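The next part holds the structures, each set out as structure tokens.
Two complexes come next, and they have one chain in common, subunit A, joined by subunit B in the first and subunit C in the second.
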Partner chain A sequence: MAIFGPRANLFMNVALAGAGGSAIVLLLAIWVVPVMGYNTQQRFAPQQPIPFSHKHHVSGLGIDCRYCHTTVETSANAGMPSTAICMTCHSQIWTNAAMLAPDRKSLAENKPIHWTRVYGLPDYVFFDHSIHIAKGVGCTECHGPIGDMALTWKAQTLYMSWCLSCHRDPAPHLRPLDQVFNAHWHRTPSTPSGQTLMAEYHIHTRDLSDCGTCHR
Partner chain B sequence: MNWMSRTLAISLTATLAACDNMANQPKLNPYELPYGSQAQWPATPPSHTIARDEPLRPLGPPPVTVALLERGQQRFNIYCAPCHGRFGDGNGMIVQRGFPLPPSYYSDALRNAPSQLFYDVITHGYGVMFSYADRVAPADRWAIVAYIRALQASADATVADVPPDKRSALR
Partner chain C sequence: MAMSVSTGLPPDAPVIAPDLTMTSLSEQVSARVLSERAPLWWHIGFAVGFMLLTLLIVQMAWLFINGIGVWGVNIPVAWGLAISEYVWWIALASGGTIVSALFFLTRSPWRSATNRIAESMLLSAAPCAGLMPIMHLGRPGLFYWLFPYSTVMGVWPQVRSPLWWDFICLICYILMSVMYYYTGILPDLATVRDLAKSRSKQILYGILALGWRGSVRQWQNQRVVYAIMSAIMAPMVISVHSVVGLDFAGGLTPGWHDTQFPPYFFFGAVISGTALIMMLTIMVRWGYGLRDVLTEYHLNAMAKVMLVGSLLLAYAYVWEAFGPFYGSDVAEKTEFLRRMFGFTASAFWSEKILTVVIPQLLWLPSVRRNQPLLFLISTGIILGMWQERFVFVTSSLEHNYMPSYWGHFFPTFWDWAALAGTIGLFLTMFFLFLRFVPIVSLAEVREIVEEKRSK
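Let's turn to the complex of A and B:
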């Protein structure tokens, strides 16, 4: 009686192929799945109660970001516009538009509109809009081409590696303070260099990648 | 048996709760209510109360400085210009899209109006204009009023009004 029967080769080959396949699947799971848009929700525009278009309001009408996101310069949270802010214009314009029905319902019932969050951070991260604004980080650095988005989609992964890439080397991401809210700003030859701006804003990278900067 | 299954359920819950790496913690975030809360959101402040950083008495107009005017110009362009236009003539982008035409700042009535009127209109609104008290802080309202005054003064200014050393900047 032979130790290895006629089918031993087949078992061995299947086992080897299985081991190789598992290794490939494991590597994909570690390196590819986390950066897939399906996982990070990057470029994904969740459904909203009102299909609000930043493209129309920002690029078309030229309304400043701060008209609606009123606390972005002073608070951690940028501030979602209250129904009254929408109604400042829409009590007179597009008053019968079907897509604004949730807005009118919100005003009539004195209940806020429940928007779907596009940029969610885990609770252990303490992000503050105001300090980024004050140090010359423009809206589009994190929110992508927000002024040209017909529906708001997530422009960045919000991974810690992405946060750190800027916290370790902020210079390329800085702009003059009067251009922070410009959704179409581009660096030109006359723009002060990132290093100049870092010195002007007193940004020191030594403390920027401390754990306690974002985690408390 | 009952005791065992309960222990198992509790330890399983604790184990599974740890799976989100503390991404969800029992802390209150803006626009987030604790699960199952029946609280009214957003909280409306009780009547006859003011915010912590709000001045007790209404602010009077501050002395006009260049910094105040620059702040006023910035706030005006954010909150007023969409309707009133960057020059205050009332022909802003929202008006071009169908909003009722606001009065121009250059009418005799508004040139002679007291500054308090502009402040009060920002605070309480007027006609189809909503109150901007929730968007423009009291100090910023005075900055905007100062800038509106500057706009009015600039309408019929001549080269003679510009200091001689600044005239070259006009060209």
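Let's turn to the complex of A and C:
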């Protein structure tokens, strides 16, 4: 008695094709899933307690980055503004605006506002804002067109390959020190070349991609 | 015949029992697979293996929850039992390929009946070897970083490191071994399918046999593929184990930093792998009553391979001792003297006795025919090789260049649990092979039956 009918060949071929197809799908998934926006949260603006607009404050009013992010030049952390900083203006203007209610509540209760972090790094990465500012890396290199963001969204994947792309070749990402906080700066023919700036800032790429530079 | 210069057996000693026919061969071997109930010794062996496998799972859970601090490894001895046993297991696995691929190329007749045991042993031992370095990782879940893919990190594995070659070698070796095993077993699965009485077994083995009908064209393709794979596997196994040797030779540690280790490790694989096949062959021969197929001829031949292995190993030991005293490095000399007469002295000397001195008994034909003695000698060789790997790995780290950096390694309960657990994994897998696939290559033994009949 035959064990298998003529249709068994079809099942076998389907099974083989399925196995081959699964392997291809798996491989694709390994490459594609990590770069999906869903995974990286790139171009995603998380919900904030107050819908703060950088576009209005930076481009509209011309407030300098450092007015709110006070420690960006001196510390690893750029520093989130205290409620008191918001209140330097908002104790005088828009004092009854509904969207600023959390701000007034924070002042009254003496409790800081819980902003939602947009740029989260793992604990084993030691990023330092001050050194990047000191070496002429502008805010918009990592934070994208922050001056034009009505709501703050994540401009980069923050993948290690992205960090390394600059650490291996910093020249194209450098600008004159007086332009670091300019949210609309772009390179002009009169801008010193990246190589010139690297020499001026004493940036040596030899150690810049060592493990210990970021993973202490 | 390559083995006809035997001194112990008459030149025409039979490879198989004289009254064995093709039909009785197929029925004898397939009956072990198709019988409804496995014999008592199988149940005992499988139960022991499975209990130890459970211990392995508990050990791994404890290890992964708490980190490798549960083992005795620390600075200065950061490579302990797990790495020693990785080398030990991969050597045992390599023995399977040596017997099955190398002796296929030499057309040694004793290989035909033992190759399936050798390959089943290889497939059972290779996962044990592969598990050891993964358990040894601080973050085992990230072992896949060894794969040369780079989507988000922008960094690649260090291709100049023998540790990475090791990973690639092991992956290729295991994949090749599985394909080699399957190519060889295909006609036998068809035999089991044809002899199966129950519908479920007919379907199971029918699917596994992939439509093998035994046509001339199928046989021709199978033999060609098998021969090509043998020709790839034989040098491959040498390179796999050489790269394991390079893991150490590439390290700037006294006692490791020596060019002889690639062949040294391979010699260890020849003797310990053959010793394990010897033990398993004796077990299968008695347990399954296959005395007609697995004859004294096979044991005699494997005993000679073991003897050659012990001589090769003796040669490597001499060079290992010669190196430190030929060179001018004080640390090398100090380390070697401590290895011989210090903390590890007992293991150092017992390993030499078990792997080189005692196997010299195999010069005597009467010993090569004494199965209990062969079993004991083989056990001793495997124990000795374990001690050899252990002393080699830990002693060097115990006595590094700076005396202020010296320390000792003491295995903990969980170190031993990892060893016992992988033995459990090996036994479980091997006993499953014993139960569900023909443990002797029917297709190849039939060739011998046919040759004998047509003479």
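In this text, the second predicted complex is superposed on the first by the 214 of 216 C-alpha atoms of A that agree within 3 Å, B and C clash if a C-alpha of one lies under 4 Å from a C-alpha of the other, contacts with A are read in each partner's own complex, and residues count from 1 in each chain.
Throughout what follows, a residue touches a chain if its C-beta (ideal position, glycine included) is under 8 Å from a C-beta of that chain, and two chains touch if they have at least 3 such contacts.
Fair warning: this is a prediction, and the values are worked out from it, not measured in the lab.
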Checklist entry - Looking at the overlay, does A:Thr70 come into contact with subunit B only (first), subunit C only (second), both, or neither? => result first
Checklist entry - What is the contact status of A:Tyr159 with respect to subunit B (first) and subunit C (second): first, second, both, or neither? => result second
Checklist entry - Looking at the overlay, does A:Ile3 come into contact with subunit B only (first), subunit C only (second), both, or neither? => result second
Item to check | Contacts of A:Trp31 with subunit B and subunit C, given as first, second, both or neither | outcome: second
Checklist outcome for this item: Between subunit B and subunit C, the one with more contact residues on subunit A is chain B
Checklist entry - Which partner does A:Ser190 reach: the first (subunit B), the second (subunit C), both, or neither? => result neither
Checklist entry - Which of the residues in subunit A come into contact with subunit C in the complex? => result 3-4, 9, 12, 30-31, 34-35, 157, 159-165
Item to check | Residue ranges of subunit B in contact with subunit A within the complex | outcome: 20-25, 27, 29-31, 41-42, 77-79, 82, 93-94, 97-100, 128-131, 134-135
Item to check | Sites on subunit C touched by subunit A in the complex | outcome: 149-155, 193, 202-203, 206, 210-211
Item to check | Interface residues, subunit A side, partner subunit B - complex | outcome: 61-64, 66-67, 70, 76-77, 80, 82, 84-85, 87-89, 91-93, 112, 122-124
